[in-house]
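Going in written order, the chains are labelled A, B and C, and every chain counts its residues from 1.
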Amino acid sequence: MSESKKPLLKTEDVSEVFGGLKAVSDFNFYINKGELVGLIGPNGAGKTTIFNLMTGVYVPTTGEILLDGESIVGLKPYQITQRGIARTFQNIRLFSELSVLDNVKIAYHCHVKYGLLETVFRMGRYFDEENEIEQESLKLLKIFKLDEHAYEVAKNLPYGAQRRLEIARALAAKPKLLLLDEPAAGMNPQETHELMEMIRWIRKQFGLTVLLIEHDMSLVMGICERIYVLEYGIIIATGTPTEIQNNPEVIRAYLGEEAVN
Amino acid sequence: MNAVRKRDLKMLIFGLLVYGVLQGLISGGVIGSFWQLNIILICVNVIMAVSLNLINGYTGQFSLGHAGFMAVGAYVGVVATTNFHLPLIAALILGAICAGALGFLIGLPTLRLRGDYLAIATLGLGEIIRIVIMNIEYVGGAAGFKGIQHLTNFTWVYFVMLVTLFFIKNFVNSSHGRACIAVRENEIAAEAMGVNTTRYKVMAFTIGAAFAGVAGGLFAHQFYLISPNSFNFLASFNYLIMVVLGGMGSITGSIAGAFVVTFISAALASFPEMRMIIYALALILLMFYRPQGLFGYMEVTNFAPFKKFLVNSEK
Amino acid sequence: MDFFHQFVQQLINGISLGSIYALIALGYTMIYGIIKLINFAHGDVYMFGAYVGFFAITFAGLPIFPALLISMAITAVLGMLIERLAYKPLRHAPRISLLITAIGVSFFLEYAGMYFVTPTPRTFPDTGLNFSFNVAGFVINGQQLMIFGITIILMALLTYIVQKTKLGKAMRAASFDTETAQLMGIDSDRVISMTFCIGSALAAAAGVLVGVYYNTIDPLMGIMPGLKAFVAAVLGGIGILPGAVVGGIILGVIEALVAGFISSTFRDAAAFAILILVLLIKPSGLFGKNTNEKV
């Protein structure tokens, strides 16, 4: 976990200004291959904005974002997904009218090699790849305990299951780096605990690097190796969970001025 | 052999059977010339409805200018056969290429618009196409193009329709089709899953326009004369009604929609106002009680008896 | 000099036509502002207004101004009825469902119109405005003066209602954010209903004025002006009242110029070309602000 290692994703002085309001300023961040990093901070601190910057939804006003040493600034979201960053959304964005299985299948999109002609004339490669996608999708659903619901419409799933489906779908895009935006939001402690185990497991299984935004401190402190704390778009602290828990700046940001004294 | 391929084969056999029966009835003189014309129109309308469904239903981009692309295919087609003496098949292909190319050129900038804005922009574009044709003397201007050879017949339109149906069915049941559906469901999520949303919107629009061009070519060679007014926005609305009635996102629905609308139009041919009043009320009531249309996202192959028929004999 | 003369004359014609577009566009923009619906039927409401005016003059023998008022009143009721029967049940439905319903209502009005008053165009009776006079060599006729006069009066009245009355404030609040307005104790159903009422009355006035100006009316007369008024509303910035007026007049002038200097067959194409250009260059219109979707 030393900084000398070449990071998978690195941001250099990234700032984002919305109509005069600085949502993120001079954000310097890195995540190494295989790491599990948390991004925390009070509401409105700019966490989701950072995800949107990393995935190309927003273009940074200034600064540089490097994936494997190459700039991804200015790329469209789908191009960034193709290069290996996949994400989930804080406010769930499933393909709600489609089946659970189709939700996952769609995410294999950028790995499909058969072309338009092979599609229309249903040539061999079409069948091979479609079979493979189907098998792999079902496998993924099994990991997330969604296989029983494979043919149900996504919007009918319970809330916790929809959050898991978002992760499964993101994994189907075969990312190097997975960004999870409040994956435990709305889950009960039992579900949160299971989710924690699941994240640990998939990370090992798929050799993933994970960056997550979360409000649930038990989850963040429990699984993250390193944490960034954001307030008003500025990093106010970084370090291991223990360091963060004892950082007076962080305590002030979360609990207010009086709590420090 | 692969199960899916077997299914395709069975559908093809079913399609041939229907052809055989209808052709038999036509040859035997059971179906008179009035209904013969209407069967041909149904096939043309199926092509129009299914291709519009690819844009409106599957990709969720609300287009109201489909008749404009049909006009391009029709005019290119009749010029090809009448002035250049090309065979019908070449005329259809040329019409498809021109309509598709125009769809591509128009789609690229306009598909940035959303929902109702796109609807009104495509309506405007459809009208512009018509007005431009009206002002081209080479194709007869507002009076229309006269002296078209009667080159189509039931066999032609039926088999072109079958090809269209297989093309669109295979397209929507692939990764490309899923990408289109993802655009409809949630553009931001689709983009985040690696789908180039602009590319698929333009692709759906282009393919839809190309098939509308094919339908236009078939339609035109059924008559001695075509005029720009056959392709005004009321015509576009007519195809929209078929798609909405059948279900946005169902091929079976589009076939049913084309069938019902053409049939009602034929039956009420002498009461044109009544026909439109019925359409109007049907649209409103449909939105109240069954906004997803007759079939919703379902296909006939999703229903139990058909499923059985298609799956059972595979074992 | 000759070019200049023709240019100004077309400008006068364009402003009269544009005033009519503006009156229709106001209704479009108000309705879109409040329920985000392109009310396809709005052009047909205008047609209905023209017919009510026609019948009031020919059969009831009324003079033009009482006929105009009666037409506005009856058409306002029609507008409220359409909203109550066709749109209100779909308040929470997807916008595309609402749009399709509006297309249905539009067809219904057009063809029910054809059924009841026959498709034959009717000649609007002489309203005593068929005089014209020269101002520095330019012809202005009585109908055009009436259009200018009525349009200005109605716009002043609308501005008063929207700016000064309680209803106007409620309308502005509801078009800004319907749900919050409702939480603040505004009866949004009533506000929406009143919006249709006012918008339809304005459309009816436009319908009668067009009857007076062009002399003929028919059941399908609302289709093109309806679409063009929508273009005007988009041009000015949808939801913005002064935008609709400016957009309407600009569109009228451009059409008159295209008809006068190029060819009248391209008149309709010009309007749609403007629409597409606006949507591509500045979709929020001349007076609108750009907004971004939150992710």
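Note that in this section a contact is a pair of C-beta atoms (placed from the backbone, for glycine too) under 8 Å apart; a residue touches a chain by one contact, two chains touch by 3 or more.
Model, not experiment: these values are computed from the prediction.
Among the other chains, the CA centroid farthest from that of subunit B is the one of A. With centres taken as mean C-alpha coordinates, the chain found closest to the middle of all protein C-alpha atoms is B. With centres defined as mean CA coordinates, subunit C is found 49 Å away from subunit A. Taking the mean of the C-alpha atoms as each chain's centre, subunit B and subunit C sit 34 Å apart. Centre-to-centre, using mean CA coordinates, subunit A is 41 Å away from subunit B. With touch defined as above, residues shared between interfaces to two or more other chains in subunit B number as follows: 188. Shared interface positions of subunit C, defined as residues touching 2 or more other chains, are 295. Among the residues of subunit A, those touching two or more other chains are numbered 57, 89. Across the complex, subunit B is touched by residues 55, 57, 76-79, 81-82, 86-87, 89, 93-98, 102, 105-110, 112, 114, 116, 119-122, 126-127, 129-130, 133, 169-170, 172-173 of subunit A. By the touch rule above, subunit C contacts subunit B in their complex via residues 36-38, 86, 89-90, 93-101, 103-108, 110-112, 114-115, 119, 227, 230-231, 234, 263, 265-266, 268-269, 271-273, 275-276, 279-280, 283, 293, 295.
Taken together, the subunit B residues at the contact with subunit C in this complex read 62, 109-110, 112-113, 115-117, 119-121, 123-125, 127-128, 131-132, 134-135, 142, 188, 237, 240, 244, 273-274, 276-277, 279-284, 286-288, 291. Partner subunit A is touched in their complex by these residues of subunit B: 2, 4-5, 8, 166-167, 170-171, 174-179, 181-182, 185-186, 188-197, 297.
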